[in-house]
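Each of the two complexes below includes chain A, the first together with chain B, the second together with chain C.
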Partner chain A sequence: MATLNLQNITKSFGASQVLKGIDLAIKDKEFVVFVGPSGCGKSTLLRIVAGLEEATSGAIVIEGTDVSALAPVDRGISMVFQSYALYPHLTVFENIAFPLRVQKLPETEVKSKVAKAAEILQLTEKLQLKPGQLSGGQRQRVAIGRSIVRNPKIFLFDEPLSNLDAALRGDMRVELSQLHRDLAATMIYVTHDQVEAMTMAHRIVVLNAGKVEQFGTPMELYHHPATRFVATFIGQPNMNLVPAKVLGYDTRGLAVELDGGAQLTLPVDGAAAKKGDRIEVGMRPENIHLGQGLSMKVRVLERLGGTSITYGHMDNGQRFCAALPGDADVAEGQTVDLSINPADCHVFDASGAVLRRLMAPALAA
Partner chain B sequence: MTETSLPAKARRRGLSEAWFAWALIFPAVAFIGVIVAWPLLETIRLSFTNADMNSESWVGLSNYQKLLGSTKFFTIIGLTFYWMVLSVSLKLIVGLIGATLLSAAVPGRALFRMLIMPPWVIPIAIGCIGWLWVYNGQFGIVSGMAQRFGLLSGPFEFLAYKNSAFYSCIITDVWVGTPMVSLFFLAAMQGVSRDLYEAAWVDGAGRWYRFRRITIPQIMPVIVSMALLSAIWTFNSFDIIWILTQGGPRGGTTTMIIDTYKTAIGNFKFGEGSARAVAIVILLGLFSLLYLTLLNRVNKFYGVK
Partner chain C sequence: MLMDRYNIWQKIGIYAAILVFLTFILLPFVEMFRTSLSPMSHLFHSPYEFWTTEFSFQAYHDMWIKVPLLGRYILNSIYVATMVTVLTMIFVIPAAYAYARLEFPFKSISLGAFLAVNMFTGAVLLIPLYRVMQTLSLLNTYWSMIIPGVAFLIPTGIWLLRGYLEKIPRELEEAAFVDGASRIYTLRRVVLPLAVPGLIVVGVSVFIGAYAQQYLFAITFNQVREYQPLAAGLFEFIGYQSVEWNQMMAAALTGILPVIIVFLFLQKYLVAGLTAGAVKE
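Let's turn to the complex of A and B:
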């Protein structure tokens, strides 16, 4: 249906700059998720694409046409709001029909379009009810129905699932992915929940402090985080960052000494690193297993069944977390010996930039 | 054992709770009894007598028979409802326009919000004395301006003729009553979620369309309840008319409340006056009942539940 190009978008509210030059090229029929901590500018960016906010500078190009100066309705977008923004005094039918009423379409056309949207969203039985009589998930579907009937080039979603309870959120995630497949439309989705981002997106835009940290597929972000921020933001539980010192670099990789004393040779591209440089070694809790080399005193143990997550400290006081097998023989207060495959380690230089991993799994490309 | 002892215990606790509840509401009940209930009952009793300054004796329904037999009384009822409907409609329309303008994002709107308050804040008597000068034929600003622009050939005393006096009173009543209506509407408008407007804008709805299909329905419960309150106040509006015209000229501004006052207090016919007051209570009671039913339906329709 449509491509979207953002060219050097900036936005300032008074003296504070919330978006600092965003460039993105989103492909046709792509499902792109904007993710980041609250205040990172992701919602503002979406509202700029929608036309609800004006960018301070930069251009929004949809399907090759610069729409920066157009009203929202002329941009060919539709938006689903976090609060659903349903009209409480109108029936479900009239809520879905609202955009068509604005366009003054003939009654028969309105009826057939609403009926079609209601069928896709399984709302046919509910058309004569008021939003107040619906459950959260049904209201969400009505809001989506209202955006479907306009047949937009691009769908925009602003944290649409954050008002739902956890179980329903899981169901709606699957439904939205299904809907994306059925409609074959370009969708942009804003969330602060990395699970939603990882599960639904073709590609994820990680935003932090008004800048794009990284734009890539979920597995790229997971295996090749471009920065320390992305590495700690993606993945649950968060990645451990252990301060270390560079000992040297050769064909086998980067030799480092962790602050706790352990020495590792990590297969990363360390050509730029010099002996004695301070770096941080990132270790995902799920890559750590029982073994030798690292030791940790367990403070808190969370048994989730399939995995046991341990939180604690290394000998030198460094906080550490490991996700061990569900029935691992560990207990709170115990000191356990752990190890990690050097190929699974991430290395970040003092500026937070990554040293590229050379032996990452093939899927990440 | 415990089961058998339970009811006695519960009853004793229930009794003391009831006493406590009565003790709590006693001050309010006593106050309402003295200020509202007793005068109301006394008025109803008086309406069956021919009480005046000197004496009173039971006359049964004769005061009411007199009222029902008088065409003048029905003219006054008609005039009162016309006064109420016209004045309330104008207050609602002007109030709605005012609230819309005040909720618009214009620079200095806090100042405008303050500026609409004076008609409501200053004592009605003082405001009305100001209006007396405005309507004055020889020195008044309206008469003067109309003559300057050639609309009038000579001085026109607005309060001296039946029709002009009636509409002059309406204008003053609207002037006094509109600010509060505006503020209520403004508060209701501010309560409408911004998301609704943004969603409608994304779907291409213009300003007027959003006003018509979002703002009005969303504040409809407030419009309806405000209309009821305003109707009761306007129906019983005494001070404005009394200061401006005292019900004149020739009964041109005599509403039911003015008529009641003139009869009971002006002519010391307490019995006949009370019958008129009871008529007002009955009419307003019926009117409110009708209105509350309507309000209930409106609330249901607009999803307030």
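Let's turn to the complex of A and C:
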């Protein structure tokens, strides 16, 4: 179907620059998710790709053609909106048929295309109903139906699941992944929900303050976050960041002393680090287990069954979180001794950039 | 809802206020109706008597004889008001949509100017308007009543409808735009069908406005008896010798009957339309 290249896209609203030079190359048939906190510019970027907003500068290239000056329909994209944007006065059939009516296709063709879309989305029974008579998930499917009916090259989704309840959202995630496989189309999906991003994306674009922090596969982002921002944004509960000081660097790795006293030798590429540099050591709660070396006073304990998540602080007041086994023998108010495999640690320099891990899991290659 | 629950004294207060208000509004109509039922001899009876055994609908019969063109006047009123409404809507719909959705220079200034125009009643502009009508050779035609009517009602129409169109979610139009629909297509197939309650509100208020204001233009710009609307035609009940008050009131009530009927049918839209978008649904 189609590739999409964004070349140095910027966007300013008055004096405030919301996109600061975005460069992305999205491959054919790829499912790419734009993720980031509110206000990071992800929706604006999607609207620029859609042609609903004009970029202040930069080019949008679809299948080798610069489409920056074209209307949405001529770009070969279609879009599913957060609110679904269904026309309440039209039936499901007419809602799905809307783009075809705009094209003034003959009635028989409209009927067969709508019927095909309805079949894919299991809406055949609902075609004569009005959107108001449908459930949230069905409305969502109608919105998708309207977007697939005219066979676009690229599908754009703007937070399409955020209006659904949690259970339905899980189902729709699976359905969307399935749909992507069935249609074999390029899809771009905007969300603020990292679970949606991790589960559906081939590759994720993490946006922060109008810039791309990292563009990579979910496992790359998880195991090799490029910056401290990505590291804390991806993963649940959030990564612990413990301030530390560089003691030295040799073949075994970077020797550091955590604020609080513990010393670790971390297998990261620390060639650029100098003795005495201030750094931060990132430890994912799920990598921490009961052991020796780190101690934490538990303030809040959340037992989820499979895991027990403890929130509290270390001796020096550093906030800390650990995901321990479900049956771990801990209690609120208690001090527990913990440890972490040095290979699981992430190290960030003072600017927030990562020092590359040398012993990361094979999956992240 | 709990907050809608009133105690007995609050209820008495509310109903008492409604009673005062309705009395104030409706008393003239009651008096009109009473006058229309009374024989002339009774109307000037002293002392004043509210009730009599002589009430009859005789005036509703006599008025057609006394003023043979009465039916025509009523139809003229409806015709002029309808034409004003249709023409006003033709201008108001695209204008209101433009004000609701497009960005253009002097947008808020021109919108304010429309409101300012409303501060001039037709009366202060009668002489210039007369000259305009004269120049365009429109005096003594229906158009002399229709055109000024349209001109004075467009501003309010734009304000009313713009507020309504702004409440229609922008995403619906964006979705249509992404699917290749033009502005006009979107207006026709998406915006207007959703704005029907708003269109009814604006249409009805324009109609009522047109019905009420045509008197001034009729007596100034039109000398042709056959074109006069009801309000001007009522003058014919004022004779050289006497005024047939009972027939005049009967004719006035008969004349506003069509408007009242339209109102009754559309009032649910009016209430819904005037408060639309006030709360999230």
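Note that in this section the second predicted complex is superposed on the first by the 365 of 365 C-alpha atoms of A that agree within 3 Å, B and C clash if a C-alpha of one lies under 4 Å from a C-alpha of the other, contacts with A are read in each partner's own complex, and residues count from 1 in each chain.
We take it that a contact is a pair of C-beta atoms (placed from the backbone, for glycine too) under 8 Å apart; a residue touches a chain by one contact, two chains touch by 3 or more.
Just so we're clear, the structure is a prediction, and the values are computed from it rather than from any experiment.
Bringing the complexes onto one copy of chain A puts chain B in a clash with chain C. When the shared chain is aligned, chain B and chain C each come close enough to touch A:Ala50. Applying the stated contact rule after C-alpha superposition, one finds that A:Pro88 touches each of chain B and chain C.
Applying the stated contact rule after C-alpha superposition, one finds that A:Met79 touches each of chain B and chain C.
Contact with both chain B and chain C is seen for A:Phe98 once the two complexes are overlaid on the shared chain.
Touch criterion not met for A:Met198: it reaches neither chain B nor chain C.
Once chain A of one complex is fitted onto chain A of the other, the partner contacts of A:Ile26 are absent, as it touches neither chain B nor chain C.
Taken together, the two complexes place residues 50-52, 71-73, 77-79, 81-83, 85, 87-89, 98-99, 102-103, 146, 150 of chain A in contact with chain B and also with chain C. Interface residues of chain A facing chain B in the complex, by the touch rule stated above, are 50-52, 71-73, 77-79, 81-83, 85, 87-90, 98-99, 102-103, 130-132, 146, 150.
Listing the residues of chain A that touch chain C in their complex gives 50-52, 71-74, 77-79, 81-83, 85, 87-89, 98-99, 101-103, 146, 150. Residues 169, 171-172, 174-181, 185, 189-190, 193-194 of chain C are the ones that touch chain A when the two sit in their complex. Against chain A, in their complex, chain B makes its touches with residues 193, 195-196, 198-205, 209, 213-214, 217-218, 220, 301-303, 305.
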